[in-house]
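Presented sequentially are two complexes of subunit A, the first with subunit B as partner and the second with subunit C.
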Partner chain A sequence: MRTTHKVEITPTSVVLDGRLLPFRESGEALLTEVYRQRVGDWPKFFKMDLLSKVGFLAAELLLEAEGDRHRGGSDRAVILSGRSGSLCDDRDYQQLIADPDDFYPSPSVFVYTLPNIVTGEIAIRNGWHGETMYYALEEYDPAALAAYATLAFTDPQTRSALCGWVECPAHEDFYANMEIIER
Partner chain B sequence: MEELIAQLKGKIIEALNLVDLTPEDIDADAPLFGEGLGLDSIDALELILLMEKNYGIRLKNPAEGKEVFKSVRVMAEYIAAHRTK
Partner chain C sequence: MIITSIADHILSPIGQTSEETFRNLRAGDTAMRVHAFPGVPEAVCASLLDEEALRPLYEALSLKERFTTFEKRLILSISSAAARTDIDLASDRVLFILSTTKGNISLLDQAEGFPPERVHLGVSARRIARHFGNERMPIVVSNACISGVCALLTGMRALREGWCDYAVVAGTDVQSRFIITGFQSFKALSQAPCRPFDAARDGLNPGEAAATVILTRAETAPWEWVRGAVRNDANHISGPSRTGEGSFQALEAALQGVDRRELAFVNVHGTATAYNDEMESIALHRAGLDAVPVTGLKGVFGHTMGAAGILECILSMRALEAGVVLPTAGYDTCGVSYPLQISNVERPAKGNAFVKVISGFGGCNAALTVRKR
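Let's turn to the complex of A and B:
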């Protein structure tokens, strides 16, 4: 397996293939800036929870670096992992349903209370029909991710994978370390 | 009615996170689903919630939504006729 592109997103920086990209904002405002500057044609971004926003943008930047948007097909897997899962959105949802006198559970917040939705958002954006997996791990574990990628590659259709760690324990606190790997 | 339509447009933008739209961008007679604003099934559920929360209207039959959510104007007319708050 070989890595073709890598991206790292923190609240204060975006590094693509070792190059720091120039942005002015920080925290969640940085994510909006990245979206407006580098994506701009997927308004569903604004409806996503923080975990999906971070994973989605990391994927967008990797695919931008790759050049070929790789639309459609079943030859690419999405394999992500994180420690906190959807905890940030879970808290938002809990707040919405905490007051019995103001009980209006938002369906659009509820749908993100599953962490694997981030893999679906990436697959939907690109029309991918390959394998998608999300693993809750104690810590970033490249060896475990490599093992999951090896497992995905046992399917002869799968030629490459978008793989990595996306962690969003709370609002304004996020980290993504993702890469494209090929057989 | 025009006042309610204007208010409703603002509430739809807020509830559905249509960040790049202003009330002026929304044609009151354009379809909300399919073409027009291009909303999806989760958005439909949010609109049901919006009507209940803001206007005290509970759609008992979800199939009613297909008619009620035809456009902002149709929605406003339904709200004017059935609102309890």
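Let's turn to the complex of A and C:
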């Protein structure tokens, strides 16, 4: 198995295949800037929770680096992991229901209280029908992430995978380290 | 070499073992009733575990530290399954694989004196493994409603890859204000026991159970966990595909090399929401399964989320052993586009295998084939 492209996103930097990309903003404003500059044609982005935004943009940058856009099919898996899962959105949802007198359980917030939704957002964007999976880990552990990715390749239809770590402990605080690997 | 199961356990509102649950299920028991859920404006029809009744079982575990309800239920189920084997759970050849959607989420509402990081699934899972003296990092699958089947599939793969000699696969979710208000916001809950695939179906019921399967490798064994797959609809994050694409593809992959005539039944997801059941009927039709009996268990147990895939596989194994297709409680009149071989009464089973199929938010679908040899 080999890694073909890598991306790292922090609140202050975006590094694609080892190259620092020039952006001005930081925090969640950086994500909006990345979207406007490099994507621009997927308004659903603005409805996503922070975890999905970060994972989605990491995927978009990896696919930009890959060039010839990989669309459709069932040969590409999306295997993501993190420590906090959907906790950032979970807290937002909890706030909506905390006060019984000001009670507003919003379905558009609730739907993102599942950490695998980010894998679905990436699959939808690209029309990929391959495996999508989310594993929760106690700590960032590159060896475990690499091992989890290999499990997807035990499916004979999987030829490549978009995989790695995507983590949003709180608003303005996020980290993605994702890559494309091929069989 | 095959993957086989050597022990299992179900903790459900109608039984404290797999056998008791299966027996009471066949006798027509259910714990489905209307509950006033603390802090939730509307009443909820649900099948819930009774914490008071579980207290003596927890006490018998001799826990050396405080655990959350979520953790205690998993520890109880894992202990009970392992007690039927001579496995040393502390061994580094044993891998824990846990399935849950929301784990300790109720700690956001009431911390109960637990530290904030306990809401992280990985942190909670590590505590559970350490209770058994196991120092390996557990794998936690959190893939919405399909987590249980994904955890079983992960166990099968880990065994084939030689990561471990035993995979302890366990799942549960504790129903909470968080989860119930969320489903209510989607208008996904039924006010009465749900009616899978029925024309009058109007939503799902929250459910609680904990379930464990212990998998291992063998040259020959009574059970073979044949093959499974996960596929995405690539359609919508909260609505099933109109063509059943992901479910269909998962079924096709899980049934590769399996003669459809070998199948005694399909155990469906069958949440009794309008869209899920319609989607499943399309997927089953496309997969050429119209003639295979279908059974769904949510009318009795509700949607047990992280436990669902594991619970439903265990009960399917028991049904295969007993030579029966379990009834689909709540079903009366076909309410989906492609009529299925579905019934609300028990039928004799013909065949020596079943396929479990399941779908979830995020567009994910999984299918898994199990054969009795």
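Heads up, the rule we're going with is that the second predicted complex is superposed on the first by the 183 of 183 C-alpha atoms of A that agree within 3 Å, B and C clash if a C-alpha of one lies under 4 Å from a C-alpha of the other, contacts with A are read in each partner's own complex, and residues count from 1 in each chain.
In this text, a residue touches a chain if its C-beta (ideal position, glycine included) is under 8 Å from a C-beta of that chain, and two chains touch if they have at least 3 such contacts.
Computed from a predicted model, the values in this text were never measured in an experiment.
Placing subunit B and subunit C on a common subunit A by superposition gives a fit, with no clash between them. In the superposition on chain A, contact is made by A:S106 with both subunit B and subunit C. Rounded in steps of 10, the angle subunit B-subunit A-subunit C defined by Cα centres in the superposition reads 80°. Of the two partner chains placed around the shared chain by superposition, subunit B is the only one that A:P43 touches, whereas subunit C remains out of contact.
Among subunit B and subunit C, the chain that touches a larger number of residues in subunit A is C. Looking at the shared chain after the overlay, A:T10 reaches neither subunit B nor subunit C.
Looking at the shared chain after the overlay, A:I117 reaches subunit C, while subunit B stays out of its contact range.
Within the superposed three-chain model, A:S26 lies out of touch with both subunit B and subunit C [touch as defined at top]. Minimum Cα-Cα distance between subunit B and subunit C in the superposed model: 7 Å. In the superposition on chain A, the residues of subunit A touched by subunit B in one structure and by subunit C in the other are 105-107, 111. Listing the residues of subunit A that touch subunit B in their complex gives 43, 46-47, 104-108, 111. Note for the complex: subunit B touches subunit A at residues 16-20, 42-43, 45-46, 49, 52-53.
Considering their complex, residues 39, 41, 101-102, 105, 108-109, 119-123, 125-126, 137, 139-144, 150, 154, 157-158, 160-161, 163, 177-178, 181-182, 184-186, 229-238, 245-246, 249, 253, 360-364 of subunit C touch subunit A. Across the complex, subunit C is touched by residues 74, 78, 83-85, 87, 90-91, 93-94, 97-98, 100, 103, 105-107, 110-111, 113-117, 119-121, 123-124, 126-139, 141, 144, 147-148, 150-151, 154-155, 157 of subunit A.
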